[in-house]
Amino acid sequence: MALRLAGDFDTSYAHDMAIIRNRGQWGMTIAFLIGLFALPFFADGHVIGTLNLIGISIIAVIGLNILLGYTGQISLGQAAFMAVGAYSAAVLVKAGVSFWLALPISGLVAGLVGLLFGLPSLRIKGFYLAMATLSAQMIIPWFFRNVRTDIFGGMPGLTMQPPRLGEIVFNSQATMYFPIMLTVVVCVIAAKNIARTRLGRALIAIRDNDLAAEVLGIAQFSHKLRAFFLSALYAGLAGALWAMYARTINPDQFSLLNSVWYLGMVIVGGMGSALGPILGAAFVRVLEEVTVQLAPVLSKLFPQLEAGLLAALGPITFGIALMLFLVFEPRGLAHRWELIKAAWRLRPFAH
Amino acid sequence: MNWDLFPQFLATGLLTGGIYSLIALGLVLIYKSSRVFNFAQGHLLMVGAFTTWWFSENLGWNVWLAFAVAIGVSALIGLLVERVALRPLIGQPILATVMMTLALAQTLQGAAIIVFGAYQRSLPALFPIQPLVLGDVRLKLNLALAFALAMLGFVVFVFFFRFTRAGLAMRAAAEDHQLAQSVGLSVPRIFGMAWAIASVVATMCGVLLANISGVELNLSIIALKAFPAVLFGGLESVPGAIVGGLTVGVIESLVGGLPQDPALRALHLGDIAPYIFMLIVLWFRPDGLFGLKRIERI
Amino acid sequence: MLKLNNIEVVYSDVILVLRGVSLEVGDGQIVALLGANGAGKTTALKAISGLLRTELGQVTRGSIEFDGARLDRLGPEAVVRRGIVQVLEGRRLFAHLTVEENLVVGALARNGNLRADLDMVYQYFPRLRDLRGRVSGYLSGGEQQMVVIGRALMAHPKLMLLDEPSLGLAPLLVAEIFHVIRQINQREKTAILLVEQIAQAALAIADHGYVMETGRIVLEGPAQKLRDNEDIKEFYLGLTQLGERKSYREVKHYKRRKRWLG
Amino acid sequence: MPSSTSTHAPLLQAIDLHLFFGGLSALVSVSFDIRPGEILALIGPNGAGKTSALNCLNGFYRPQRGKILFDGHDLTHTPTHVIPRLGIARTFQNIALYTGMTALDNLMAARHIHMRQSMWASALYFGPAHREEIAHRRVIEEIIDFLEMEHIRKAIVGALPYGLRKRVELGRALALEPKLLLLDEPMAGMNVEEKEDMARFILDIHERRGMTILLVEHDMGLVMDIAHRVVVLDFGVKIAEGTPDEIKSNPAVIKAYLGETVNSEQSTVNSQQ
Amino acid sequence: MKKIVVLIVLVMMAIIALTACAPAPTPTPVPPTPAPKPTDAPKPTTAPATTAPQPTAAPKPTDVPKPALRTKANPGEKITLYHFGDVTGPLAAITTPLVSGFNDGAKYWNGKGGIRGAEIVVEWADTASKVELAIAAYNRFREKKPLIMQMYGSGETEALKDRLAEDKIPVLTAGVSSKGSYPPGYVFAVVPIYTDQFGLFLDWLVPNWDKVKPAKGQALDSPKIAVVTWDSAYGRDALTAETRAYAEKKGVKIVGQELFTPGAPDVTTQILAAKKAGANVIYTNSLAHGPAQILKDAVSLGVRDEFMIAGSNWSLDLSMLALAGAASEGYYGVFPNLWWDDTTHPGVKIIQGEFTTNQRKPAERSVGYLLSFTFVDAMKQYIEKTIDRVGFEGLTGAAVYETIQATPELKPMEGIQSFDFGKDKRAPSKARIVQVQKGKFIYLTDWMTAPDLKPK
């Protein structure tokens, strides 16, 4: 865990606490960022489209990770909070607000709704609390489906105009890539910062031993609320970006199944790790993409196969992949990555 | 408000609630014994219904025979699920088991498509399609009989728990795993038994439901109604499952049926009322109405 | 009958709790295992009964033999079938079951005449007969301890592992419980391995005693001898006068020097 | 021994505490004072109510009757998480560390009540949050130094050996900078050498940091050596209070520890070590 | 050991990922048109956001002085038809046979020489009715510049409507919600939109009321309709501002809308509430198990003879007959296509023959198979017409779109369906009323024209 490169000594607390520790790492980080944002100029639209989807998922999953990984609260409502963000953005844009302003506002609105559904955590604990979040997953889409259909468009939902910036219209995968990835980068850094400072420690303390945390001065309730707020805020940002990505949103897009997938991404990636959500979201989305692509390929190779057989690929791969992870790699890809990194550093002295 | 229809909706709600209760019973059985909340209960139900269909339509057996065989098969499925998916997770945090059942739900969905196909099927009628008229109240005979069967199931299970050795062993294991092991009970075997029974209960529900609404993949959705029921009644309580299920059925029916104002009806409140009601109940009784309260000690 | 050979126990692959513990219980004996909180007494019992595995513990070295057969690879229910029952610390009951149901659970692991067994238990604890329909969670501490011991008795064990039966009980009740333990031992010929904090009470009924400290056996001998041992008196009663032993107040200067050197 | 112990007004007063669980009574009319600057030991057989008393003091249990006054505050209705802010910290019998964090973070988490940064500052990190983190890191490093745990600073505490975990937990309580430190069986499960280390830490904390300490402990030798005063509980009832010497010769105490078989040799015990 | 298993699984998944992401082995030859297309470049574009398509400047035969258009395919040339299938989501039961029908249709026409000699290739993607998957699949498809696509779900059609217009890809869709089809874009509905269907039903109901009204019922002097329907975009599309106004104009009272969740075990509450509201007609807009549930519950409540029960086209499927059993007797519906029972019809004959040849299972003998087989022919015909106009070289999505818009009438598979799209017309409007009699759909009327009730 605490391995670091030879010759890299702490000269101050600030240095010890920094994420990026030396010049080499700074170089790599900058190169990575340049590569990240240069990608749309080389890669084809489909790859970029998949990356966009991964980016949006990453944001939602980081949020969920704050609640689940750091605070230890199961939430079955992440997709619903995304819905709040998406609808906020769509309604605001419809009302003439610039999308770029609507994006952070949507995050805040979703955060506040998250706060509302976090309130039961004052009294309800453990699994009962998870079920309280399930009611968020039931109530929020119901709300958008049935209440004030003049504003929220009811069942068919809302259509959002693509955002603009001067002459640029963000309506292609390549253009949308930039706001999405920029938000991802900001969200990743903010989450990392939260995790390593006062709030993050308080949340982990509650996760690891809620009673001891309380006895040592960390107010459980208000911190759980903060976690709910942050988690939903991230979901709201993801939702707003999703509204930009999909342009037509309706309540069916934010189903319980989606929430389950986000949970799956957290597990696969590794709970309570900064890298986990990124790896988890990427892995599950790529897996999904692979199975979706594989079905037609298989149907071409084996035309006698019934269509239904191929159709089972999606749920079965996701289900089995998740099961395998839970049994064999419960700490997720991030943990595996740490081990590989450590092994690499110690090479050739593996033992 | 359609107050004159109140007895009608109350009765309909109770009958539908009976089915919810039975699903809730399956959830309680597993939770009580192994502290696992089974999100795949709805999918077990769907698989059970398809299995019955497969025996009755594909192999041409009598539907009651098919039902009986399917119950046996579903017990095996329950055992298999526990052995393959849940047992490796003993000792892992609650979240892992929750995720496992969610993963299981997906896997069962895929497996059902592979084995049975994604088509809607229909079962030969177990009960005649006929009205049951009691004064002003009109009920579906098949739903009423399904309700009766569900309640009979409850009686059987209560009897099982109270008066059989296996039932006593399950109750004991549910209270304290380590203690149960210390007196020589095999806790893994009891977990397996709980899953087998829950799977059997699910199949019963599945067939009763399928008999009313047909066999299809979406049958699993019905479990979403049982979740508030079981939380409302308390996760560990068999009577809670009955009360919770019936309450959810009644609330859904009354809230959905009573309002007369079209604007109010358009809100489709019946769908969401059980969840709102659950939140309210949990606020005042954080462990449900009949859930066990524990004294926390550090 | 029971023999622990130099066993080592590790929790979660890292935490070493027992280091080289050896002890023996002969046929029909009562053996007392004494030691402070956290010394590893309970862990030793759980290593014997197989319950260690349920807590991610493992016997990594040494062997446990019972009537000549290895026990340390068996699960808890197999150990019970061989005739060893552990009575867990803290009067753990199936709190929502009635007294009689609790007793019956004790006999579930084997087949036998329930009625006769229940009668036997009620003979040792007549009070339980009156309470048999009561939900056990609402009993008093002493009654609960009776249920717990009675439940273990229902399995007809050859060896009973008792973990702190006196915990939180009034002196009078402790005496009663220990009296019954003695009786059980004599009438049913059940061997007993008794973990206890009240050294005097335990040694009064025991044939043999062991003293544990931080995962090791530090003292052993016939009960009579241990009872007269001054160390026992000092460490387990703590009532010795100051002076002979170095005081914790004085320790620190010595320690400080030692650190300096290290 | 400090001579000041008897003159000052008590730092904490527990008055007539009653605590029940269901029908079982854990504390029955228990009263005691803790005087500023003293080490008070709370002893008694297992299950006597010592931990319950501690749990009342830091607001984890609410006594059904009675009152707890601390430094001018009535703790009886103070929310649990506010009590540490008033100056009470504790350790736990079964070690309640944040097992997933490093030792350093465990201690930093205890600085929570002394830190001010908001959620937004945390997320931004650069600026105020950064400065605050460094300032508190300095305080923590002093404690780490004091308890001699530099080498385990960045180890995940869940994987540390028992003795070290106990030490981290003590450090975490110190990081709160409390006026009153409650220690629940700090020596349980330790060997003689570890006990000696721990005893020295406790005495140093008392002397150098001037903290008042309430100690629950089973090891009589230790209690008699380092406590100024001792309170004895049995069955939730206070049966004795006094200096170690008084307690040692108190017949009620001897009886509580020995059950029925009070040994007449007891009074004539002479150590021959 | 455990770890090794995991590693192997991971490696295998990685390999699958790599192989699946590799370019498809049969790349569709893109017509070598040098025409500049500003929206294709994967760069920040400056194209305005268009919701309504602009009339494209497709070369009209008269404008282009090319003497010889290539109307015959080069050897080995292929044309790919793209479609989405939801085979795992909530619509799976209906849409699974669609994939089979589509494949068999393509195979059949390839046996007949393909599209002007070009082999028809089918590419489909499962969307599981998840919009993110639909968008991802669409992104994949659009890279290959499809000439025409087929979609099924209302949700994905609505979500992609603007994109299709931007990318100029025409689409035939079976998800015919009014919002997906209008305002006019590149989306063409294959049956009358749900609002129009409801209007057509009213057109027929009012003059025939005395003949078809229920036996007992309440206030039988005029039809009083309760819409008992699925709680979904699809289910709620029957009752809009336009259809309410139209009903009022026709003197038909809409007494209420009762919603139920797909798969609900009991709709008696809804039926009784409808009865309470004074309804004597129940209309539903749901897939087959919706009406099956309503019919069975009406029978089991003993109120079947108090209601006339009818529904829109997708409710009329074999599975409805199977699920409802005897209770289906007397159910009415709006029927915009022919049916398997029209055994003498040449188109149906062909499809029945192919169905048997390909050894399809009885469960697939649904409306899905029949129609998707037909869609292939429709696409083929539209493409052929386009080739006639602009040649293989001019074959683009925009050109096919122009053709569809400019073809006043097309009768695929000898008229199993009938398409009459136009400049502002995005859905056909011809349908008949059928009734279930002895487990068969019996035509009660000749072809009728639906009123235009698209959203304003």
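A, B, C, D and E are the chain letters, set down in written order, and residue numbers restart from 1 in every chain.
The criterion applied here is as follows: a residue touches a chain if its C-beta (ideal position, glycine included) is under 8 Å from a C-beta of that chain, and two chains touch if they have at least 3 such contacts.
These figures come from a predicted structure and were not determined experimentally.
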item: Relative to subunit C, chain with the most remote C-alpha centre; value: E
item: Farthest chain (mean CA position) relative to subunit D; value: E
item: Length of the line joining the C-alpha centres of subunit A and subunit C, rounded to whole Å; value: 51
item: Length of the line joining the C-alpha centres of subunit A and subunit B, rounded to whole Å; value: 32
item: Centre-of-Cα separation between subunit D and subunit C, whole angstrom; value: 29
item: Subunit A and subunit E, separation of their C-alpha mean positions in angstrom; value: 35
item: For subunit B, residues contacting two or more additional chains; value: 109-110, 113, 117-119, 266, 268, 271, 298
item: Multi-chain contact residues (two or more partners), subunit A; value: 145, 211-212, 215, 306, 308, 311-315, 327
item: Residues of subunit C whose C-beta touches two or more other chains; value: none
item: Residues of subunit B defined as touching subunit C within the complex; value: 91, 165, 168-169, 171-172, 175-186, 292
item: For the subunit A and subunit D complex, residues of the former touching the latter; value: 1-2, 13-14, 17, 190-191, 193-194, 196-202, 204-205, 207-209, 211-220, 226, 230, 272
item: Partner subunit D, residues of subunit C touching it in the complex; value: 14-16, 36-40, 138, 140-141, 164, 166-172, 174-175, 197-198, 200-201, 204, 213-214, 230-231, 233-235, 237-242, 244-245, 247-249, 251-252, 255-256, 259
item: Subunit A-touching residues of subunit D, taken from the complex the two chains share; value: 58-60, 79-85, 89-90, 92, 96-101, 105, 108-113, 115, 117, 119, 122-125, 129-130, 132-134, 137-138, 141, 154-156, 172-173, 176
item: Residues of subunit B that touch subunit E when the two form their complex; value: 2, 4-5, 8-9, 12, 15-16, 19, 109-110, 113, 117-122, 125, 129-131, 133, 138-143, 209, 212-214, 216-219, 221-222, 253, 256-257, 260, 262, 265-266, 268, 270-271
